[in-house]
């Protein structure tokens, strides 16, 4: 068990290392990499010597460019390990980490709420559909779920925008005022723990949250329906019924716990998708989160900011993966055995 | 009798049987049939449109952002061009790109996956580990980051997407080959001393065709997602496809102009239809090729 | 002859399929006497499992009970129809009065909980006044009875036990409320021969101790001879023969039962002479007219393909055939 977790932990660190290295290779070692390009540009545009241009690049990228490449690599690794991604190129003097710290909570808030809502609703609906497989509405709900799971999230966002922010339904105004469709909060509220601000934040976040929710909802419904259906058919659930247990006991202790197992591991994977989608969603709603920031950094070729955000995104996903694995071990006592079987097979 | 059976299973009949099976899958499933019809319509439109519904090359300032009319059934865009013609022509690029990417991606994934599963041992373990690692790197942000280092266009995008998607296909192909490897007839082939290549190509791959067909539609879907997403973010050159239409309509603020909402809505719906058709075809195929998932 | 404990009265059960309804059980009637052990035999798909599971009410969603009753006589003499009971009443009867064990009961325990929770859950569902200590000490006694180490079993997870251990644990669990009727669906399939033997011996012992009635389904005629008092043969959803176990083996009357018996390999018969019943089971979505076995029967004539034979009974046994196999007096 401990060995299993250590293995997973090592895998997590390895993944982060791979991404870090990938970024280093992209920035420093590819032909015509941004550092070399910057130096050439400085030399051509300002007519300065190579030495001076290198010096400028050095302070900009916070790399010791005259050191051998492996030393640069090592110092890059240690910087990353200390969460030091240097300073933003576009807003000089501002730490990348402080930009991330300012933007990340907004993305975590919307993505987290969306994922949580979709999870809770999806799991409940999915389990219900599994039990009502013989009713007429089951194919309708399942069909809608597979429709939702197929549509790209940004198209869902467009539909939601049309429904909530464009059509007026003869009322003369839209459901959500147009001013609340963009940005994180309105100009007139003071940030802090006051009701006006919180309501305003919720209103601004509503459409992104709904988008994330709907884009994941279908998958949760389908997964949970499948998982519950197969759990319902297992001998232990059938026997539990024959043993005369109360329906509530069966649902919670027998069906629920077992049906949730395969879903839990899916949670982390979904998070990866949803974070990937946040780039487009935040662009659509001009929501100042980390996805939009990554996009701006990419468009402005702000390499330190790009690498910082991308690493944080990857780390978040990998960390969630790891947490899901731990949760899985806690929920399923068979994990040790399964491992063994897999290794032998 | 025995000879006859052998002949029907021989490789010459295999491709034919495979397509017959696919056709059976689609035609015997109502939803699959709908998917197939939608896809067929899009393909036909893509082929005939350059001749029948050519895209307006010149802008027409006299008819900018008009609603639907007899002359322009879906209205006009911000340059006064007909939207229907753009819709009719807008699927071609997506279809070709997603098809090429899926072919490439399948090739890479299947080769590595089958090889790794057949070789087994340490190599296989390491590959599986790498695939797991690869899968936890968020794909779309990675593509966006890439766009800062390489100029992405449809050709490079197809290549990059195909390479990026290796891990998912690798994992599924590998486990499928592993389970096939356990089957008796494969063991018999090994005992007969047939070469590894022969076994993989002649014995294992044909039995995975259905499974591969299903994954093919999945890969096409994710390619369309990435392509349209990147176009929407303006990270791909603007050519003629539905994603570009959404991008333009969006940047022109068409969404707040209810009269010409079709400019935004039409390509959105088309992309949804294209993806849904692939989903439905994939589902129909899955039902036939993967009986264990039935019910 | 009115001391039955379970009576299937003209039961028909069908499954909804894409092609139409599949008549898995049609007009089956069958009595199980107090203290009796009845073996249900027949090919796969003949409806024996459907019939047995219908009593405890866990038929698949696609199944429908079209007609008939499953009457159960409670210990106080009241007769209830298991098909028509309210959910809660039925829940209280299950496991307290009627228990069922499935085939491959290897997976009968919740994989994520320890075994003892199963014992506790079961007793508390029927008698909340029992405390954990009472339940556990009772479980220990029963586990010892099936020759298991209670301390080890109770606190294990199901995956930590072997197939035979799980089977015996389940057997102990079935006895915890001292039921009056035990329904077993292929109790020993998927077990090795030695474990099989052990389970069979335990079942016989327990029957002597607790005196329950038993219905069990099997493909294995050797188990029938060890465990059954009476043999009921089913074919294509119908009960075709019912006979005391001795008579059944000595001289089956229905040609299908006869075929089943002749298909048993014997050491004395050379293997190339092993008999198998020709043909396959009929399509139960659109069953042919007349006797369903007629197309495969060597004794069938024109009448068999037209008219369905009624059940005839004589001397404690019954069969549904126009041309029954002649009675034999000794094993040939």
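Here the chain labels run A, B and C in written order, and each chain numbers its own residues starting at 1.
Note that in this section a residue touches a chain if its C-beta (ideal position, glycine included) is under 8 Å from a C-beta of that chain, and two chains touch if they have at least 3 such contacts.
All figures in this text were calculated on a predicted structure; none of them were measured in a lab.
Under the contact definition, chain A and chain B share no contacting chain.
Of all chains, C has its CA centroid at the greatest distance from the CA centroid of chain A. No other two chains have as many C-beta pairs in contact as A-B. Here the spacing of chain A and chain B, counted between their Cα centres, is 24 Å. Distance between chain B and chain C, defined via averaged C-alpha coordinates, is recorded as 51 Å.
Per the touch definition, chain C reaches chain A in the complex via residues 56-58, 61-62, 91-96, 99-102, 104-113, 117-118, 121-122, 125-126, 157, 159-160. If you check the complex, the residues on chain B that touch chain A are 129, 132-133, 135-142, 144-145, 147-149, 178, 221, 224-225, 228-229, 232-235, 246, 250, 255-256, 258, 261, 264-265, 268, 271-272, 275-276, 279, 283, 295. Looking at the complex, you find that chain A touches chain B at residues 11, 14-15, 18-19, 23, 26, 30, 33-34, 146-147, 150-152, 154-155, 158-159, 161-162, 166-167, 178, 229, 268-269, 272, 275-277, 279-280, 283-284, 291, 294-295, 298-299, 301, 303, 306, 309-310, 313-314, 317-318, 321, 345. By the touch criterion given at the top, residues 133-134, 234-236, 238-246, 249, 253-254, 257-258, 261, 331-334, 337 of chain A touch chain C in their complex.
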